[in-house]
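Each of the two complexes below includes chain A, the first together with chain B, the second together with chain C.
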Partner chain A sequence: MSNPFIRIDGVTRTFGEVYAVDDVSLDIQQGELFCLLGGSGSGKSTLLRMLAGFERPTTGRIIIDGRDMTDVPPHARDVNMMFQSYALFPHMSVERNIAYGLHRMGMPRAQIATRVTEMLSLVQMEKLARRKPDQLSGGQRQRVALARALARRPKLLLLDEPLGALDRKLREETQLELKKIQSSLGITFIVVTHDQEEAMTLGDRLGVMNEGRIVQVGAPHEVYEFPQSRFVADFIGTVNLFDGTIAEDRDTDAVIASPEAGIDIRIPHAVAGTAGQPVAVALRPEKIVISRTLPDPYDNVLTGQVTDIVYSGNLSVFHVTLASGKRVRVSRTNRLRAESEGIGAGDAVQLGFTGHSAVVLAS
Partner chain B sequence: MSRTVLRLVVIAGFVFLYAPIVSLVIYSFNESRLVTVWSGFSTKWYGELLRDPQILGAAWISLKVAFLAACLATVLGTLAATALVRHGRFRGQTLLGGLVTAPLVMPEVIIGLSLLLLFVALDNALGWPGGRGLSTIVIAHATFGTAFAVVVIQARMVALDRSVEEAAQDLGARPLRVFFDVTLPGLAPALVAAWLLAFTLSLDDVVIASFVASPGSTTLPMVIFSKVRLGVSPEVNALATLVIATVSILALIAAWLSARRRGAVSV
Partner chain C sequence: MKRLVALIPMAWLGLFFLVPFLVLLKISVSEPAIAQPPYMPLLDWADGILTIALNLGNYIFLTEDPLYLLSYLSSVKIAAISTILTLLLGYPMAYVIARAPEHRRGLLLMLVILPFWTSFLLRVYAWIGLLKANGIVNNALLAVGVIDQPLVMLQTDFAVYLGIVYTYLPFMILPLYATLSKLDADLLDASADLGARPGTTFLTVTLPLSLPGVVAGSMLVFIPAVGEYIIPALLGGPGTLMIGSVLWNEFFLNRDWPVAAAVAIVMVLVLALPIGLLRRVQAREGERP
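Entry: the complex of A and B
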């Protein structure tokens, strides 16, 4: 395989005693939309700022398109950034904001005018070209910031919480639009976000960060369905975690003894552990079937009592307390307006799931 | 009830502050040579004023000094504020901050005296500035004007969004370019305010100027001061009224400029 487009090679960045980014290595391919996902203080923004050149790695190297960029200042990098605050130039019109980077490239005026028009139509801002940033709404500013960052046709576009300031509805529309623009231009995007839903919708791949390290990299469905650690399982989406120990581990199946769950959980594959090893079984709320008496047989059935029902329109989330005191969350799509089998708070219920849907975590 | 009390307090405050100025302005239009006796409206003292070469000369010197000192103070203030705000922690940062703003609290007499000693020592050592005059007053006024300019510009610089400068850098601007394209326009209201402040302070100063001026470079406040020592004359009232008008107009321009900016933001 050819060299990756971006290679982050053992990069560490310390601020005094604090390791903001701790020995991160990551390869990103040309044309990829990569999401860096993490909570505040996870180091995702510092990593992005190192790619832009605003911070220098304490150790390690950053290679973009075959060139070592570690010591290259921001203005000399073929990389542009869309800032979280948008950072538009307040004293310049929309047009002049977009043209700024082109002037710095020494592009001829006629060509700049063409490119600005092109960018304005890309983000559908033609009519507001002469406005100043303070005369625009949040969504419009976001578009201008995107157009300005794309105008130079960078090899790599960095986006710091690009949709953070938009309301929910606008955010969903903009996510799709961003994805469309990215695939039509073929520019590599690296998006930093703390919003796991956004990361999953946007990203071709995700990198989950925690305490300065990348803890898992993969396609959104891989990270969601096959988390490799408790942290990732818990950070991405909602999860029920059952503590237990490996009781049996054979070539084709395994059994996890979990007093918390009140049963021996059957897993239809090997878990590659040793008997007696403590593990956790992770199970997403939507992968559990809830019923007073389950109509179909399941390899694993828990019993408990409904303590709370959280209704959120399309979904209802049932909070079920097991005999061990463990609370389990089960979500169900509200397919019918009036559920035929109305489960209420206080009802005794059965929870069924197949071992295929569970993930056994060693750490 | 408490509203009425508040209103009265505010009115009393304004009367306390402005009654002397208003009476001065009114008496500048008094026909009588006796300052405290009203004998009818006249603008003759303004005419007298315009025929007085000493006052006209002093006014011209004052304006020149104020203009140059304000420009110098704004430039130096911007540089000092940049160093203090933009360059992270460096050795002597606190010391620089303290030294730059010290003239705010230093007695004027001491500033004036120390500058005079400095100029005399420089003259002996280097043969410059070659006696006292316009340039020494400008330097002296720029010195304390800078202190005020730093405070005003620093406050604005702290409030500026750093990422706007980073965006310019990211779009290919070198550091100096970033400063002129983004930082300076962002600072503009503070620069105007600092300049006007330094200008007015220079126009007002009599103590420091008395130390570093020469007989040939007497500023307007010095002339007023010396005239008043011989007794208050209606001529001085007229002169003071003109000074007040000038300063008020400058203040109004500054207020209008900043109000216009705020108006644009709220659109």
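Entry: the complex of A and C
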């Protein structure tokens, strides 16, 4: 692989005793849309602020396009940021907000006017160019913030919770639009978000952060289907975790003894670990089939009793309590209008899944 | 209920500003007299004839003696220069307080307000002790050897400026602090992110957004400074010409209440006109898209 466009090399940032970012190393390619995903206090915003230059790493280096930017102040970086609060200058019109960064570059006036018009049309805000930020709706402000951040044609655009303040419907539309703009301009985007759904929709790759560390990096489907830790499995989407120990581990298959599940879970491939080692088996709710009596044979079948059914339109989520007391969540697409088997609370059910859909986690 | 609440400040202003103002206006167009009170009544009813004696002579008199015009100009000049000095001193102080860590801001604001715990008169008086020929400042400078003769500081315009700036500094700092502390730190980051150096950010973002505080603080200093009496009386010299002392002399030395009232009325107009204009300009700024 060629040299990465952005190299974050062993970066740590402490505030007093607190490690906000703890020894993070990450490579990001040119033109990539990378999502940093994590809860509050995971260090994702601090990492973004270090890329922008607002914070300095305590140790480590940040290299952007082959240049060590660790000690370069924000105004001298070819990097722009779209703030979560949008941070539009309230005393300037939309036009002047967009032109602000261009004036600072010393661009000739005529060229600024052209660029501003271009940016306004990119975000479809031509008609509101003379408005002040407080005369705009949330969605319009978001567009102006994006246009302002893109106006200087940065090498790298940082977006801090770019869609956080929008309502759900608008957010979905804007996600697609953001992706379109990104791929048409070819600028590298790094998006910080706490919303795992947003990260999966937007990102070419995601980096999941927890307690200042990057715990997993990968394409959205890799992170979702093959989480490498309990934290990631639990943070991204919903998951059922069964504690157990490795009972048998061969080259072609393995068995995990799980009193919690009430069965020995069969996994049709080798697992990393030795016999007797405690592990967890992670299983997504949509990968389990629920029935009174399963029509097809499954590698693994659990039995339990339905305690609750949560109906959310397109999906129904069944809460099933096993003999061990463990509660399992199973989701099913509502293909028919009525529940086909008429399963209700209190019914005894079988839960089937194949070992291929499960992930064995050592940590 | 809401109307009632709005009525309270209106009633307050009516009772304690408008009524005294009208009384003053009435005196200012009366004939002076050696009597108690020392002016003639405005209306006279005698033999079925109502006489209204409007004496505009007091105002005409103000234009005849250059002392009054010079005093107004000098007062406005002293107040304006003091306001600028207070702004130059107060802005950085307010900025530092607004940017200080939150737990320390309370203490710093407290220090700004602390002088108010002592009487204004005492504080101005204390400056006499500091500034006089054998005062603390001169003695200290002599002891160090910076000067070999005491500096003349007391009873100069310098002392008046010093006294006004010292006294009114908190009135500048507090409104400035109020606007600066509300300034969103993200805006400063955004400006730096878009390529502005710290100095440019200050001029293009911080300063314009703190203008309401600058205007409010300047008004709070300028208006009382124009009519200031105690500070020039205690610290100023015979050459310090301020309308406050002229007013005092007319009222209490000459006992010419009508002229004194005219001086006061003109002072209110001198202050009210620029403020009214400024407010209109500001209102128009706000409307402009």
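Please note the rule applied: the second predicted complex is superposed on the first by the 363 of 363 C-alpha atoms of A that agree within 3 Å, B and C clash if a C-alpha of one lies under 4 Å from a C-alpha of the other, contacts with A are read in each partner's own complex, and residues count from 1 in each chain.
Everything below uses one rule, namely that a contact is a pair of C-beta atoms (placed from the backbone, for glycine too) under 8 Å apart; a residue touches a chain by one contact, two chains touch by 3 or more.
Treat the numbers as computed from the prediction; the structure is a model and nothing was measured.
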Next item on the list: Evaluate whether chain B and chain C can sit on chain A together after superposition, giving fit or clash.
Entry: clash
Check: Of the partners chain B and chain C, which touch A:M81 in the superposed model: first, second, both, neither?
Finding: both
Next item on the list: Using the superposition on chain A described above, determine whether A:D134 touches chain B (first), chain C (second), both, or neither.
Entry: first
Next item on the list: Kindly classify A:G66 by the partners it touches after superposition: chain B alone (first), chain C alone (second), both, or neither?
Entry: neither
Notebook entry, point to check: Can A:G10 be said to touch chain B (first), chain C (second), both, or neither?
Noted result: neither
Check: Between chain B (first) and chain C (second), which does A:H91 come into contact with in this model arrangement: first, second, both, or neither?
Finding: both
Next item on the list: Take the contacts of chain A with chain B and those with chain C, and give the residues found in both.
Entry: 52-54, 73-76, 79-81, 83, 85, 87-91, 100-101, 104-105, 132, 135, 148-149, 152
Item checked: Footprint of chain B on chain A - complex, ascending -> 52-54, 73-76, 79-81, 83-85, 87-91, 100-101, 104-105, 132, 134-135, 148-149, 152
Check: What residues on chain C touch chain A, complex-wise?
Finding: 184, 186-187, 189-197, 200, 204-205, 208-209, 289
Next item on the list: Over in the complex, which chain B residues touch chain A? Could you list them?
Entry: 161, 163-164, 166-174, 177, 181-182, 185-186, 188, 264-265, 267
Next item on the list: Enumerate the contact residues on chain A facing chain C in the complex.
Entry: 52-54, 73-76, 79-81, 83, 85, 87-91, 93, 100-101, 104-105, 130-132, 135, 148-149, 152
